[in-house]
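Shared between the two complexes below is chain A, which has chain B as its partner in the first and chain C in the second.
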Partner chain A sequence: MIVETKHLIKKFPVGKSFFTALNDINIHIDKGEFLGLVGPSGSGKTTLLNIIGSLDVPTEGNAHVLGKSIKDLSAKESAILRNRHIGFIFQTYNLFPVYSVYENVEFALLLQKKTASERKTAVMQALEWVGLTDKAKARPNAISGGECQRVAIARAMVKNPELVIADEPTANLDKANSFHILDTMKKLNKELSTTFIFATHDEKVMKFLDRIIYLEDGKVINDETIKTESL
Partner chain B sequence: MFKFIYNGIIRDINRSLLPIIVVTLGVFFTIFLSGWIQGVLFDMIEINANFTNGHVKVMTQAYAENESQIPNDLAIIGVEELMDSIEKDYPEMEWVSRIQFGGLLDVPDKNGETRAQGAAVAKAIDFSNEKEIERLNIRKALVKDNNSRLPKKSGEILISDDFAKRFHVNIRDEVSIIGSTMYGSMMFSNYIVCGTLRFGNQLLDKGAAIVDIADARRYLEMEDASSEIFGYFKEGEYNNENALKIKNTFTHKYTKDDDEYSPTMKTLTDDQNLGVYLSMTENMSAIMVSVLIFILSIVLWNTGLIGTMRRYSEFGVRLALGEQKKDIYKTLIYEAIIIGLIGSITGTVLGLIGVYVLQENGLDISGMMKNITMMMPTVFKAKLTPNLFYIGFIPGLLAMILGNALAGRAIFKRNTAKLFKELEV
Partner chain C sequence: MIAFKLAFRNLFNAGLKTWLNVFVLSLAFISLVFFNGMIDGWDRQAEVDTKDWSIAEGQFWTPGYDSYDPFTIKESHQVLSHEVQQLIKNKQVTPVLLTEATAFPEGRMQTVLLRGMDVNQDILKLPLEKLKGKKNAVLIGSGMAKTLKLKKDDELMVRWRDKNGTFDAITFTIVYIFDCDVPSIDYGSLYMDIEALRKLTGMDNEASILISNDKNLTAIDSWVYKDNDFLLADIKEIISAKKTGGYVMTFFLLLIGLLAIFDTQVFSVFRRQKEIGTYIALGMTRQRVVSIFTIEGATNSILAALLGTVYGTPLFIFFTRHGISLSDTADMGSMGITASDIIYPYYSVGLIGSAVLLIIISSTIVSYLPSKKIANINPTDAIRGKVS
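Presenting the complex of A and B:
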């Protein structure tokens, strides 16, 4: 079990009252799933990802991620959980502009205090996964958006996390690039059994998913497991 | 991680350039101004020591009380014996006699009638003592274009170039000084002008004359007398601690409360004006350094804030990737240290070069000092002293660290729950 939520409720203060962004979410996500949270804007996808990614805490109920009780984690413990075990991919790649592709990927390992040779092996491996070994020395502004997102995938994958969380990873990409990165992630999901959780509106993404959890107004309205067509 | 930080600084000009410039300029000006102030102070001390106060000065108690009137009737009598004695007591000092006397400098025409007359203060020194000539900077002050030279024989006089120009006195002209002897009778002394002097100092250049002390003694009836005995450290530089020690033992041995003609000793810092300057300069340095830290910190705080705003998403990603807030804060401080070091070192090097150039070349401000008759140099020089190596460096570095420590606190206000939203744009 990678993720489990029990009666998870998230409320945000709005003026004097509260807005319930997540309302009694109960889900289980197993190792190796390739799963999407789908729903209209404002349905609570990002809010749920935040809690699973230990960036935020539930208001009521709880979530267990990789065996850790999210609501009980200190800031330090949640930082360590993210650092060691969870990879993040953002809609706008958010690479460090002054560092090379190599250094961007390496950064996650610097935080783990890995030795230089350990870092080198892991970074080159990650760049190979995403097909960017030849761009290792390039700066983000010298490569395309699709390549940037592949660097972001390499950055998330380099530490070999159990779980990768991606919020609208294809929102800024064209069709071909979207396919390419999803293909890459799917391959990694198969080869390394890394669990992927997406939040998405994107039809193109949905085709790749093994399982889709539909959210609406902070509630799970449907949870379906799909047989993906292999591409 | 160090390499990561270092590369960030080197490659991200926006991160480093402005703070480096700010720190460099701040440090440069601190050092430059301090060096300048020290140079002026040092020159002032030198001039005072060389011309008026010595490192220590011996006079009779009565003379000391009315020193400004140069009352030669109260001069020390029995100078030779006293000199022998203090030379034995204080072998670390060089002792020299000087006499000052006031009078009318009279320029006669061909017939011996007075052509021009002006008040003058004459200084009588030992021209056979090369050190005295150096101390009073006479060789340099000799005006070059009229064949001025030092007195070679008895009866020769050096007069200020100002005075000579005003009264059209030429080299080899005869002049007289009319005054009174030590015992109060009329003194009429004749000299041949052998040179004119320009010290570049208003007080010294105004109506001054220098004669040999042997001549003066003869005319003033001061054969074994001297109004002032100057003591100079043989090592060269003034040392207040030692000067005070010497003063103490001297007073104990020679000064007698019941005899106003017994000798007394003054040190250079007993001069009230000089003491005030000294403490003023010290305070000014302290104030300058504090102001520097204060202003620089505020400026750098602001550049730091701009920096954390500009790097908002970078810090967001780093938080998401699991770097702790305190660790990000630490890297900001390391960055500040590196940038502060670069700026402080650059500023210090430039400042020291600036001070060195000013020390070697000087800055002539005699034009602005026309009406000032203080014992002050009119060529401003700087002085390179050891404290200049850290007086700007440390404040520059501290200000950079302080400014960024304040600006970096913004990190702690970041809310990780908002990261995905913030990073969407």
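Presenting the complex of A and C:
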């Protein structure tokens, strides 16, 4: 099991009271799932992803990610968990503008004690997965949005994580590019059994998902597994 | 190490802004080294000049004499004992007889000090040999000549009281004008043969002070020994006061450089929220991000020291070889400051090292102050570039 939440509640202070963004979430996510959190704006998708990614902590209840209890992790332990085991893909790509494509992908490995040649092999492999080996030296501002998001995928995948978290990865992309990156991620999911969790309200994304968890007002209102044909 | 790698990448990629910060900071660094090197060089030079022209390796004063109190001069003279005469013969000391007098250059009146000295001495640089074989001859310094508007071969009427207090007068000829950077030697004194002065004053075989060229000689019968620490104290004080002027300039340059870094850091922390959030998502602790930003700011100072070294080294080598001309800036001598026209700066390893340290430490501090805010950033907001 990759992710398990138990009576997960997240409240945010709003003025003098609290706003409950997640209200008693109980979900299981297994290895190799290609899963989406779907729901209207403000339903708590990002909040849940942040807790699973150990960027945030539950207010009550708990989440276990890759066997770790999120609420009990120290700052250092959660940093290690993110660095080694979780890949992040953001709506706005979040590439480092001053680094080349290659350096952006290499970044997570710099934090690990990997040798230069190990890093090189891994980075080139990751760029190959997303089809960008020829853009290795380019700066993010010199490539298209679709290519940026593919770099972000390479950056998330380069450390071969068990889990990839993608918050609205296609929101800024057109149809063709969205299709391309989803196709890429789906392939990696099949080949490497990497678990993907998306937050989305994009129809195009939903077509690719194996499982959809519907959220509304911080609650799970539906959880359906879809039998998709292998693409 | 990764922090430095990232810092360099970020700085180099920030381009012009980085180089502007680095340049200003390097100016502060260079000016710090430049001023202090100049002061140190001046300090050394003034010390050497004062020793060469005025104090050699120490002085012996007649009891009661005080160089700061002109009223003591009149009574300060004593007969040279056999021991002193022996020391003079051995060229270990040279005697100076002092007598206050009044000179009348072009009808004006000016208090002067008649300094009778041995024309054969070679302890001090004073060119007393120019007096040899000349009657009623005196030497003066070029600063003094300028003040009194006198030239070589001019005549100068001087009046003084002899041993018994009666007025006497004589007209001297200025046989030579010497250049000397030590104001106390240049200004206010007429140099003459000690034998002639002894005759004029009736102080046969007497002297007021003895100048020694033997460091180990610290006592001669009743004479009061004054070592060079005492005799150089004034110069050191004046020079350290001058140092403050240089510091003010350096301080302002440093301030501008540090403000530029501070401003860049504040701006960075504010503008690079998304980057900070992404660092955290990719597996850095917030503390680590704080240190990365701090190191990034501090790296400005390392670059500044490198840049400063690159353009400063030829500059400093040039100044060390050719000196720095002060003659246009001020007439230091008339202000009572020992300064030659050209100062040869002295750049010590200690000076450069402490300048580098100062710049690095101060820029680390101004880099850290804004960066520590990162520790309170909420990564989930930061990732989306939301500014809190």
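Methods note: the second predicted complex is superposed on the first by the 228 of 231 C-alpha atoms of A that agree within 3 Å, B and C clash if a C-alpha of one lies under 4 Å from a C-alpha of the other, contacts with A are read in each partner's own complex, and residues count from 1 in each chain.
Here, a residue touches a chain if its C-beta (ideal position, glycine included) is under 8 Å from a C-beta of that chain, and two chains touch if they have at least 3 such contacts.
As the structure is a computational prediction, the values presented were derived from the model and not from experiment.
K.L.:
With both structures lined up on chain A, is it a clash or a fit for chain B and chain C?
P.N.:
Once chain A is superposed (C-alpha atoms), there is a clash between chain B and chain C.
K.L.:
Once chain A of both complexes is superposed, is A:F18 in touch with chain B (first), chain C (second), both, or neither?
P.N.:
In the superposition, A:F18 contacts neither chain B nor chain C.
K.L.:
Using the touch definition from the top, say if A:E103 reaches chain B (first), chain C (second), both or neither.
P.N.:
Both partners.
K.L.:
Is there a shared patch on chain A that both chain B and chain C touch, and which residues make it up?
P.N.:
Touching chain B in the first complex and chain C in the second, residues 46, 50, 53, 55-56, 75-76, 79-80, 82-84, 88, 90-92, 94, 96, 98-99, 103, 107-108, 110-111, 155 of chain A appear in both lists.
K.L.:
Tell me, which parts of chain A touch chain C in their complex?
P.N.:
Residues in contact with chain C: 46, 50, 53, 55-56, 75-76, 79-80, 82-84, 88, 90-92, 94, 96-99, 103, 107-108, 110-111, 155.
K.L.:
Which bits of chain A are touching chain B when the two form their complex?
P.N.:
Per the touch definition, chain A meets chain B at residues 46, 49-50, 53, 55-57, 75-76, 78-84, 86, 88, 90-92, 94, 96, 98-99, 103, 107-108, 110-111, 155, 167-168.
K.L.:
Please output the residues of chain C touching chain A within their complex, sorted ascending.
P.N.:
2, 5-6, 9-10, 13-14, 274-275, 277-278, 280-288, 379-380, 383-385
K.L.:
Using the touch definition up top, name the residues of chain B that touch chain A in the complex.
P.N.:
1, 4, 7-8, 11-12, 313-314, 316-325, 327, 416-417, 419-421, 423-425
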